[in-house]
Each structure stands twice: as C-alpha cells, then as structure tokens.
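These are the structures, in structure tokens.
In what comes next, chain A is part of two complexes: it sits with chain B in the first one and with chain C in the second one.
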Partner chain A sequence: MKTLTKITLVAIAALSSALTQAATTSASIPVSLTITEKCTISDVSTNIAIPNDTTSGTGAFKVTCNTPYSIRTSTTNTSDAATFVKSITNSSHKLNTNITVDLNGTAVPVNVGAALSQPGLTVDTYNVNAALVAAVVSTTPAGSYNDTLNISVDY
Partner chain B sequence: MKKTFLAITALMMGSHAFSATATSSIPMSVEIAKKCTFSNVASEMILKEDGSDTTAGYTVTCNTPYSISTDNAKWYEGWYSYISNAQNEWLKTGVGTRAVRDNTLVTLHAGTPLARPGYSVDDYEVSIHVSTPITATTRASVYTDTYLISVYY
Partner chain C sequence: MKIFIKSAAILAALLGSGLTQAANTTASIPMGLEVPKSCSFTDVSTGIVIPENGSEGVGSFTFQCNVAFTSEFQSESSAVWGSGKSSVLSISGKKLETVIKLNLPQFGYSNSPLPHGWVWANWGYRAQAQTGSIAISLKEPITATTPAGIYIDTYKLDLYY
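So, the complex of A and B:
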C-alpha cells in the first residue's frame, strides 16, 4: 500500500510536470469580403408600339439590385406633366399620351412625383403601358410619332 | 657527515606524509525554454466575389516539436465555414492550409492537430474562397470571419 502511494505520487508529479510544460500559442487573421452596391437594368423593350385607338402598347424592363434602390422615369416629350408623342417630320404635330410604369401594380412616377423605393435583392420586372389619350381620327396628320421613356435607378 | 645526511632524509619523508589536495566543482547548465512564435502573419485575407482563391501566409518558428491546427471563428455545426454580414446572412467558404515545406495539409476545425518536428522555421500557406455563388441579388455588404491558428508544444 505504501509502495502504491509512492507510485501514485510519482505519477501525479510527472503528470503535473507535463501539464506545466504544455503550452499553446495562437494567432488569427481577419477574413472579409466586400460586395459593392450594384444595379443593372436589363431586358429593356426595344420599342413600344402605341395603337391608334386608346388601348395600350406594352413594354417592360428589369431592375436587378443587390441593395435598396429608388426608381423614377421620365419621358423626353413632356410639358406640364403631360406626355405626348411628336411627329418626326413636323414637331408641331403632337398627340397626347398616357404613360404608366408599375411594379406588380405599384406605380412608378413618370416625370413627376417622388421616386419609388424598393428593397432590392430581387429581380424586379417593371411593366410599361403607353396609350394615346385620344384615338387617331381621320384628320390626324399621317406620320411617325415618337417619344422616349427614360429610366433612372438610384442606389 | 653521516648524521647530517640521515637528518635531511627524515625531513623529506616527513614532508611527503602531510601533503593533500582539496577539490570542488561547480555545476554549470543552461535551460532553454520551449518556445514557439508566429511571424509574418498576414494582416487580412480579402476574398474575391468570383469565388477564386485568396492566399495568405504565416510562419511558425519552434525550438521543440509541436503540433498545429487551424479553425475559423464561424462554422455551421461543423459542416462548413462561412462569412456573414450585419444582417447575419451567410456565404459559405472553403479553407485549406498547407505546410510549404512538404505540402502537408494542416488540420482544420476538428481532428488531431498536425504534428511537426520543430527546430525549424516553417512557412504555411492559407487558401480561402467563397463557395456560395455571388449573384446580382446577393446583398451588397461586408461579410467577415476570422481565421484562427493554434500551435501546441
């Protein structure tokens, strides 16, 4: 029994010594990835053909952002919030239009109004509708009339 | 004449009988404590959006055998490491560390630390990349983690 006690004590002493000598040193390196804010406008309709009656011609475009953004639109031809298409051969020939832009039913301002805010992080498809306010009549000057919808995304 | 010679002989013999040498010693020793140090530790690892590897390095100098393991501060239940942003959105990462000397892979996250012979200056290279594809709708943000190194000796 005495011998066993001695052996135990020796073992404890040895273990204690080993534990005393064990050491750890450590270091660390920070890891990071910065994804910069980015928005793209894609799949933009090449042209919207407006019917001669008051039905709408349609178009669309997509906005893809990895951050919240706001969107607004404007037309090249505008006067006092009204929009119109203009004859390419005679600029005095104008036909008033009704232009709407929406995202799943939520209106995007055209020419006037506060920009529409969106959370981003999705591919948002916007619809464009363009119609004449009054149908073309028999005395409406023949010709090609046009306008341009401009899209602006801020992020 | 005879008496004088005998007397001198006796004196010389008496002198030999009393001689002695005293000795002593002083032990001398030097104890070199076990020590491991890090140096040339990269200040940061900046990942790339395209998922390609970013490499960085560090050096371990030990005067004794040692073992080494690495880890990341962010792990999902032992399955994979990740980086995350302020919104706690995760992007998986892939991490690997090799000893430059012999291309041995260093233990990552779990398992027995890699044993090394020590008595040397050992360079290690870390490769890390984002394995979750970064798309156009992945939130713009700063995603972070910390790469950890432990040396046992």
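So, the complex of A and C:
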C-alpha cells in the first residue's frame, strides 16, 4: 500500500510539472529589401560655345550612382585621338580642338584611355572644357562648326 | 448421547454453510486524459519583400493556442542589433530604418504602428485560430545615393504559454 501511494504521488507530481512548465512556440519571417543599382546623368549642359580664340568654352554634367561606376567619354568627331569641330555645311572644313573632362581635377578619358573608376554614392560634378587648338584666322571658312561629347557610365 | 450427536451434526451443517457463502472482490482502474498545452503557427509567410518605392511589404501568419498565452512579436534588428529601432541591414553595414505595423484585429491591432517594431501582450484562451499580418516599409525614402544592395531583417513571432 505504501508503494502504491508513493507511485501515485510521483505520477501526480509529474503531471503537475507538465502542466506548469513554460513553453515557447516560435516562428520567423525573413524581411528583405533589394535596392537595384542605378546611375543617372543629370544637369547636362545644353551647349558649349567654343570661343574663336584658344580659350575654353565650359560645360558640366553630374553623375549620381548608388554603386561604384566607371566613366568614359567620346566625341562624335575624332580621328586618331584628335578631336575637331566640323562645318555643318562643308564636312571637309575642320578645326582641331582640345577637349578635356575632369572630376575635381581628375581627368576622364576622352576617346582614348582607361575609364575612370569612381566609388559612387555621391553626386559627382564633372567639368568639360573645349577649346580650339588654333585660333580662328581671317581665312578660316565662315560657318557653324560643331561636335558632340558623348558620356558613358558603366555600373 | 443421541442429543450430543444431533447437536454436533447441526453445528457441522452450519459451519459447512458458512464456508460456502458467496464473496465479492472489487477493483477499479482510473481513466483520464491530459491535453498538453500547445501553441502552433501555420501559414507563416516565407518572406516579406519591402519595395524600393516606399510602399509596404506584407507577411501574414496564423496561430492557435489551447491555453492563455503571451505573445512577443519583434524585429531582430531592434532586439539583437541593439539600435532600439527596427531597420534593414546591408552586408556592408548600412542600415535603413523601417516602420512596422501589426494587423491582428482580434487583438485590437488594426495596422497599428509598433514602436521599435515590438509588442508584448498577455492573452486569455481563444478558441479560434488567430490570423494576423505584419506590414513593413522604409521610414525614409531611398535616394539616388542610397547604396545598392540587399538589406535584410527577420521578424520574430514568439508565443509563451
């Protein structure tokens, strides 16, 4: 009888323990956000007026990227790395130019050279300078001369 | 002598009757059932994807308890990363703060913003399964210079009972 009583008490204690034991049930939901890589070219000068002497006409543009990028430029009129403006009425009339592009003094290649790498995450303002190699003289054919600077950003 | 013999015979007959009288022995087996306390989750969303455009990403869940319970819902970012604010974190360590809303109408939450993405509450027994949802959005819109990449957090649902 004593044995039976003891077993009964142990069983009750075990049941009681099971009923009062703290338990936890958990679940979790992963949360994610993907920000895609983006670059924009903005505030691009609508035109660069090149003076008739050898001083520079200036322009600018901004590049904003949320990821590292590289930038290179090219001109529509180029030959063997030389750049020039061309008469819109007579394509044989050409005036050689010096075109430079820089970011705070760091040169961006124009037509030739390795692209300039940048870390991004800031608004980078690039300056463009365009000048004639030789000043217009009295025998330079009159007319409008033009070229185009093309900007390419890879990211 | 005859009288003695007769008495002895009667006594013997009586004794014999006593020895053959019907007896009864009983036993009993107690029966019972223990219903263990339990809480369970079902239909838990596999993920909450927060859109870049500032709108909400939503995940849902269903749970049921057969006992009174305490719920603790919180984002890992606020609980573990120690910022006290919910956020998503990129591999490079960039944090973007988030706003977390709980929709659990049976418990009085109707797209209610959760401070720090956390809520703790005691609840009595509910016979019905409870279905809720979590909506998460960015607190501030991303900008053109917000680093690209994958940002993560985990929303944790715990039931104590």
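Operating definition for what follows: the second predicted complex is superposed on the first by the 135 of 155 C-alpha atoms of A that agree within 3 Å, B and C clash if a C-alpha of one lies under 4 Å from a C-alpha of the other, contacts with A are read in each partner's own complex, and residues count from 1 in each chain.
Here is the rule we go by: a contact is a pair of C-beta atoms (placed from the backbone, for glycine too) under 8 Å apart; a residue touches a chain by one contact, two chains touch by 3 or more.
These numbers come from a predicted model, not from an experiment.
Partners chain B and chain C, brought together by superposition on chain A, clash. When the two structures are aligned on the shared chain, A:111 is found in touch with neither chain B nor chain C.
By the touch criterion stated above, A:77 is placed in contact with neither chain B nor chain C.
Contact with neither chain B nor chain C is seen for A:97 once the two complexes are overlaid on the shared chain.
Residues 22-38, 40, 64-67, 120-123 of chain A contact both chain B in one complex and chain C in the other.
Against chain A, the residues of chain C that register as touching in their complex are 34, 36-41, 44-52, 57, 59, 61, 63, 75-76, 88, 96, 98, 134, 136, 138, 142, 144-161. The touching residues of chain A, counted against chain C in their complex, run 15, 18-19, 22-38, 40, 64-67, 120-123. Those residues of chain A that touch chain B in the complex are listed here as 21-38, 40, 64-67, 120-123. Listed in rising order, the residues of chain B touching chain A in the complex are 34, 36-38, 41-49, 56, 58, 72-73, 83, 91, 93, 126, 128, 130, 134, 136-153.
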